[in-house]
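Same chain, two partners: subunit A is paired with subunit B first, then with subunit C.
Right, the complex of A and B next:
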């Protein structure tokens, strides 16, 4: 018998209550895994999308929306002559309802721009020219919309031909409807407007030069901001709000878990008052009693954390297969994040156990003689 | 009262020992004086509310006196910093209600006090098996308290009280929850173990029949010692 026998017996003596407490923490941690994993996944998906398009700098005005605000396409002319700028590609990207999909990325690209070049044709072809009233679909978008080459796609009021299915090399690209820039400008009434300029720099451009170029572009183009591709989504107020709300909601769920563990551990201490007093009477130090209670609550947290991670991972995987979400993001559930979620649960357990442990340390051994 | 050869022979010395509760409204001990020698078997008798259990709590450092002095082997018990160590190593406690932990087997219950020692897991288990053998429960070591009779539970409790080799055993109505047959067996066991291990035994009881087995009987009433006499013919 070891000290941990006391810890485990303390929890197994009321298996239903212990189980319910673990479920309570697990739900809180599952919320953390789900909400934060999705919000971080959104960031990762955008970054992967940029990377697959070969973008080094993004010029946009993220403002409060999830998609950038439109600005004049003449911005490209001001940027192109700058030093270190190798290529530019103007885009108009929007998140809109497309047929049965509630929200889908519609990505219109400057005809001939480098952002077309990463697309690998799975079936069909790319549009013949900027004027062809046609779209290509990322492979996930095609699955979600149930479209194949030769079908038509209703975009706003326009019916467009699906001429190709492509593999974009990233979840965001695969989940997009891709068409030429002038076509979407016309359909959405945004003639002469774009909302993103993807920019490639010349080889061997250093990080410092990249940062300097961003500042230079931002100074030159007051209607937008230039940021290094990886930082683009973090520039969005909407993303920051969603991220904060994810953490806020998760912390609320975790707080409920804290109260659950605290309640359970307080009940445990109250129920075992006599036992704890006997342990004190036969020579146990108060510090050992405190450690016993804290270990019990930490173990509750750990088990709840592991359960929460499992629920969260399975839940998120199920969620991203739903038509409403599919193709929009890939959740970020890397091992470090999942270990952090379990660590949060253990901390929750320990913190919740502090007050019950303190209560247990205040008991007097003389109670052992009563009853 | 026996006269020891020197000061070090006194296990306990109490002088003017008082214990008050509820801001002095209840006086459990009203000035108690006594000395107990190493190896003595002392019975403390008296009716309910006489203060005998309160006195046992003071001796076991389970509670502090309100006034007076109480020493253990010449040093003040009240001022002692390591009371947990005192309870773990110097004394053993036997309770009327046994107070075994219900989710632990007999073998595990006996090991509990040994967590405050440096014994390894196997040493603790080996020692607990020896103690259970000494109280005649070697075949019941894996039983939980609920599966043991009252007498068996008290024998486990006795084994637990001796786990760390206590030199003083404090017993609070150890037979109070037992039928007369089991009570006699338990008392015989305690007396036999005391003879073998030479520990000081202080036993609180309201049963004069049990008290007559002790070599010295202290009688209490209303928080005071009303008589303290050697029992010339312990039964």
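Right, the complex of A and C next:
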């Protein structure tokens, strides 16, 4: 009989209790995977969207909303002459309800700006000019809205022609309704307003120069803030709140798991008092008893972690297919994150086992005589 | 020693009583109603919303609302933007002082009819015409009839009744008001007989122009097995309108107004 036989036997002795404890941890870890994966996915989706648009710096004012506040389009004229600025592209991006869809990203871009160039046409074409009353749809947006080339799309008061379906190379781009900036400004009564300036820098610009340029733009444009692409979403108070709430809720669920494991391990120690005392009597060191209890709780955590990751991944995959979320984000469920979730479960298991292990280390062989 | 204790007790008593005297007294029903009325009757605005009618036939509409509200008058235009087959359907409602509300309905291409009954549903939803034009906070009779919690939020229950000379399709309206944010979280509208006719629940509150407003609403009770969800997606204040926007000719035009500021 090996050391690990003792460890596994401790858990298999009460299979129902062990199973329920594993389910408890699994729910906590599933919450971590689901909630944190989605909130991180939101960030990643926007970062990927930025990359696919070929953006190095984003100038915007994220404020408290999920979309930036509008500011004057004249900002572009102040930014363009700065050193290291190669190209700019002004955008007006909004999250609005379109036809039957709950919420869609509507992304209006400066005509001829570099953000148009990365769109790969799946079918149809791009608008002919800035004045054409037409949109192109990201491929997910087309699916969500049930549109194909030749259909019309009601955007605010205007009926626009769907002239193309595009692959934007990122979930955010694929979930967008894309049109020319002057057209959306006219439709929404926001003439002269934009809320994002995408900026490309000259080749071989260093990270330090990028950071310096951001500071320079922020000083020059008080109504907005320049940040390196991908970081801008972290500026959003709404995103920070979502992220904090995700972690907060997940940690509460994990705490419940901790208490579950601790309870199970304490019960195990109490039930096995005689066995532990006999092990001490036949020469097991206290440290070995402590290790045995800790291994048991770590194993519980590991199994709960694996179960939680599976539940979380399946749950999230189902969630992102719902109409409310589809096309808006892709969850971040990369292997490192999933391994981290299992590691959290193992740490939870070990931490939960510390007190029961300490209790077991206080036993002496004579306790066996007291029953 | 006992003198010291007595002095301390007297001092504490005075401190607490003076603090109690300093604290603002709870608003009266009239105060609360007039503050909410002022927030509602706040000049010109433009609202975009999605209306989902759930019932025997599910239908989703995109609407735009043009509003011109002053202390004593309300003019509202509701227009359907989507679906395509209903685009352009419009309703104009006007209420001045205590006079009964009046209005017209326009159905493209050329049908215009006056609104005879304010109980009629707005675009087939669970809202009536009266619901979108009446300002019950301005009614003469206001009373706080209790407190309650709505989704864990402490609310004052305000009961409004139309006074002499005020005509309404309702006999009374009860409003659950989140006093901290000054926003109604629930509205129940009763017939003169006391029968509950309509219930409106606020499902999302947003901050707007320095105060809180209901953004999403659920309207129920008007018809069996039917409810209407209203999801507000945008509001603009200080919108420039002309008088013609609130005429029958104006109903026939669908355009987004220009704004002096965007919220």
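What we mean here is this: the second predicted complex is superposed on the first by the 367 of 371 C-alpha atoms of A that agree within 3 Å, B and C clash if a C-alpha of one lies under 4 Å from a C-alpha of the other, contacts with A are read in each partner's own complex, and residues count from 1 in each chain.
Note that in this section a residue touches a chain if its C-beta (ideal position, glycine included) is under 8 Å from a C-beta of that chain, and two chains touch if they have at least 3 such contacts.
Remember, it's a predicted structure, so these values are computed and weren't measured experimentally.
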Superposition on subunit A - do subunit B and subunit C clash or fit: fit
Three-chain overlay, vertex subunit A: subunit B-subunit C angle, C-alpha, nearest 10 degrees: 120
Which of subunit B and subunit C A:99 touches, first, second, both or neither: second
Which of subunit B and subunit C A:15 touches, first, second, both or neither: neither
Subunit B versus subunit C as contact partner of A:222, first or second or both or neither: neither
Touched partner set for A:5, first subunit B, second subunit C, both or neither: first
Residue contacts with subunit A in the superposition, subunit B compared against subunit C: B
A:203 touches, of subunit B and subunit C: first, second, both or neither? neither
Contacts of A:365 with subunit B and subunit C, given as first, second, both or neither: first
Contacts of A:191 with subunit B and subunit C, given as first, second, both or neither: second
After fitting on chain A: smallest Cα gap, subunit B-subunit C, Å: 44
Residues on subunit A lying within both footprints (that of subunit B and that of subunit C): none
Complex interface listing, subunit A residues touching subunit C: 64, 70, 96-100, 102, 152, 154, 156-157, 159, 187-191, 193
Contact set on subunit B toward subunit A in their complex: 53, 56-57, 60, 62-63, 84-89, 92-93, 95, 97, 99, 101, 103-104, 107-108, 111-113, 115-116, 121, 124-125, 160-161, 164, 172
Residues of subunit C defined as touching subunit A within the complex: 48, 50, 60, 62, 64, 81-84, 87, 207, 231, 233-234, 236, 254-259, 262
Subunit A residues touching subunit B - in the complex, by the definition given at the top: 1-3, 5, 9, 12-13, 274-275, 278-286, 288, 364-366, 368-369, 371
